[in-house]
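Paired with chain B in one complex and with chain C in the other, chain A is shared by the two complexes that follow.
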Partner chain A sequence: MIIAERKPMDEIKRMLAPYKKVLVAGCGTCVTVCWAGGEKEVAILASQLRLARSAEHNEISIFEASVERQCEREMVAEIKDKVTEVEAVISLACGAGVQTMSEMFEDKPVFPGVNTTFIGMPEKEGLWVEMCGACGDCFLDRTGGICPIVRCAKGLLNGPCGGTRKGGKCEIDPDKDCAWVLIYRRLEKQGRLDLMRNYYAPKNYRAVKRPGRIQAAKA
Partner chain B sequence: MNNCIVAFCCEHSAYPAADLAGKLKLHYPENLRIIRVPCAGRVDLIHILKAFEKGAAAVMVMGCEGGACHHMTGNTRTKERVKYCNLLLREIEADGRLVAMFNLSPNAPHKFVGAVNEITKRIKESGR
Partner chain C sequence: MATPFRKILKTKDFVVTAEAAPVKGSNVSKAIEHIELLKDKVDGLNVTDNQSSVMRYPSLGVCLLVKEHGGEPVLQVTCRDRNRLAIQADLLFAYSRGVDNVLCLTGDSIDVGDHKEAKQVFDLDSVQLIHLIHTLNSGQDMAGNELDGNIDFCIGTTATPSADPLEPQLIKVEKKLAAGVEFIQTQAVYELDELKRFVEFVRKMDDKVKILGGIVPVIGAKMAAYMNDNVPGVFIPQHLIDELAQTPKGTGVAKGIEIAARMIRQMREEKICDGVHIMFIGREEKVPDILEAAGLL
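And then the complex of A and B:
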């Protein structure tokens, strides 16, 4: 899923400074799971903004709304009535959600309330780690399902490097496992260690053209 | 609700302690508003923030002593939540110490009064 973290309060306050009627819009998918922009975080941010503005004697009217997925026009349309009532929107969805919202309500400024950071998974409660760099040319079949592009600090396709520490830790961050040690152990378990002998040519990063666009095959 | 102290009291510990404080006729500030909750773990961030929005001067969350929670981990979870709430308040330049977690047993009325006095002191220090 897409991982995001809330922007610093000062930045949010600065974006909303000129407005008196604001909608805090959440998204019920990825950002809900990573505690950045779900219904609960919408309520917390709205409350913080009300308290901050009230302390400055600069009252603000805040509306709250969340949709299942802010990156889908049909779902964003559900909160159209609320958007028309306000001067600006602060979206707690990922960048795709903010842009969908902004495209649908072109006459309203839509601000990002979170920084979209990476595609990852929860490692333990409250900790998410990056798992995929969305490079467009998946390499996982050769690495036992462990992505060296994002999980190796150097993004090496032919690892490990010479700096692996004792215990299989990364030389850049001793708290982090060396991705290539993990790959070796995984391939060993699968009896596919011969893959470690392969040399992989530099990756073709042109596989993803920006902006990305995928058309599903028509049935 | 202006300038009152909102105390979310666990019905297994702080609420009986408050009751006992009343029975013993112990004095504590009259602006205390007690909200009985089934467990301190029931108290969420939004409950605390809403209390401040409605004008509370401070919020206390009072639960069982460590290891004595009737719902196993309600008090420890809420302790973390209260810590996070301190941070949320500091983010908006409010005094984070105005929300606090206290752990006490049901037979500790003096500790209950002490906690209320402590938060009252913090309110005065914050200039409210």
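And then the complex of A and C:
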């Protein structure tokens, strides 16, 4: 899923400074699961904004709404009435959600309330880790199901760099594992270390032509 | 004129190279001073490429200075700052100006340097870079286009014999050897047994490649601890840290030189490897002292 983090309060306050009527819009999918932009986080941000503006003697009316997926026009349409009532929207969805909403309500400023960070998974409660770089040319068959494109700090394809720390930790962060040590151990366990000995030619970094666009094959 | 590095590798019993770190700024007088001091005392001057991800005068620029002053340069090329177009273009430029020895490295992460918000590239990795240079040597670019003019780089690379775990590193070394390199310059080594094991491993695959042991003199216990924590791929053992800790104040540099020379002598006398690469970062003027103490002058 897509992982995001709430933006700092000061940044959100700065974006909303000119407005008196604002909608905080949540999303019920990825950002709900990663505690960044679901109904609960919408309520928290709404309260924080009310308190902050009240303390500044600059009252603000906050409306709250969430849809199941902000990245789908039909679902965003469900909150059209609420959007109509406000001067601006702060969306707690990922970048795709913010842009869907912004496209649907072109006359309204729509601001991002979260920073969209990566595609990942929960490692344990409250900790999410990056798993996929959406490179468009999946390499996982060669690496025991561990992605070196994003889990190696340098995205190397032919083994670890020379900076691996003792115990197989990453050069840039002793709390992170060296992806190539993980790949080595996984392939060793599976008796498939030959895969690591293969030479992999430079990757096609243009597998997805930006901006990405995929047309489904006709049935 | 300096002897071509490839010829040195083939003919000399014990090869000695030293690192020349580019300056921070446009004033190259310090770099020239180091080149003049070292060019006739070592077989090659190996010029770093934005070392430790710190932006500096370019490796190729200092290599040209080495050439101008009659030394033999080794151009370091990392994969961090340039994509495949830029790397190839720089290599064409280098070769056209007589800089024909290349050391292929991954490059440190942007995070350890002084421009921490920069976009890091890593379009290629070091194994792919070695393959790329062979492609240029064959007269083509990576896209398969013919190149006008001869190219024949002498190719080297690096390895970390002290890595833990070592096996994944060795697989990468195998891939570098399979790609074809003429010399390997190791990361700083402090345990000669580790270097011996590494050389034995390489020899099983390739009996021609020359292996230069990496020497980074350590001048104090604090510096050793700092390096262990902050310099990627460096592992200084406790017994050396203890030896440095017992050194009287003000004699750290002399001690560092003594330890480095002791290791070099042992590498040479016991034929542990084919030479050394000395990296005395920020104290290049002391390299001759190491060479003298090691009996190499």
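Assume the second predicted complex is superposed on the first by the 219 of 219 C-alpha atoms of A that agree within 3 Å, B and C clash if a C-alpha of one lies under 4 Å from a C-alpha of the other, contacts with A are read in each partner's own complex, and residues count from 1 in each chain.
Convention: a residue touches a chain if its C-beta (ideal position, glycine included) is under 8 Å from a C-beta of that chain, and two chains touch if they have at least 3 such contacts.
Treat the numbers as computed from the prediction; the structure is a model and nothing was measured.
In the superposed model, C is the one of chain B and chain C that contacts more residues of chain A. In the overlay built on the shared chain, the residue A:Met196 is in contact with chain C alone; chain B does not reach it. When the shared chain is aligned, chain C comes close enough to touch A:Thr164, but chain B does not.
In the superposed model, A:Lys154 lies in contact with chain C only, and not with chain B. With both structures placed on the common chain, the touch criterion links A:Lys40 to chain B but leaves chain C unconnected. No residue of chain A contacts both chain B in one complex and chain C in the other.
Against chain A, in their complex, chain B makes its touches with residues 44-46, 49-50, 52-53, 88, 91-94. Listed in rising order, the residues of chain A touching chain B in the complex are 8-9, 40, 43-44, 47-48, 50-52, 54-55. By the touch criterion given at the top, residues 79-80, 84, 105-109, 111-112, 120, 122-128, 131-132, 142, 158-160, 163-165, 167-169, 171-172, 174-175, 178-179, 187, 232-233, 235 of chain C touch chain A in their complex. Of all residues in chain A, only 153-168, 171-172, 178, 180-181, 183-184, 193, 196-197, 199-202, 205 touch chain C in the complex they form.
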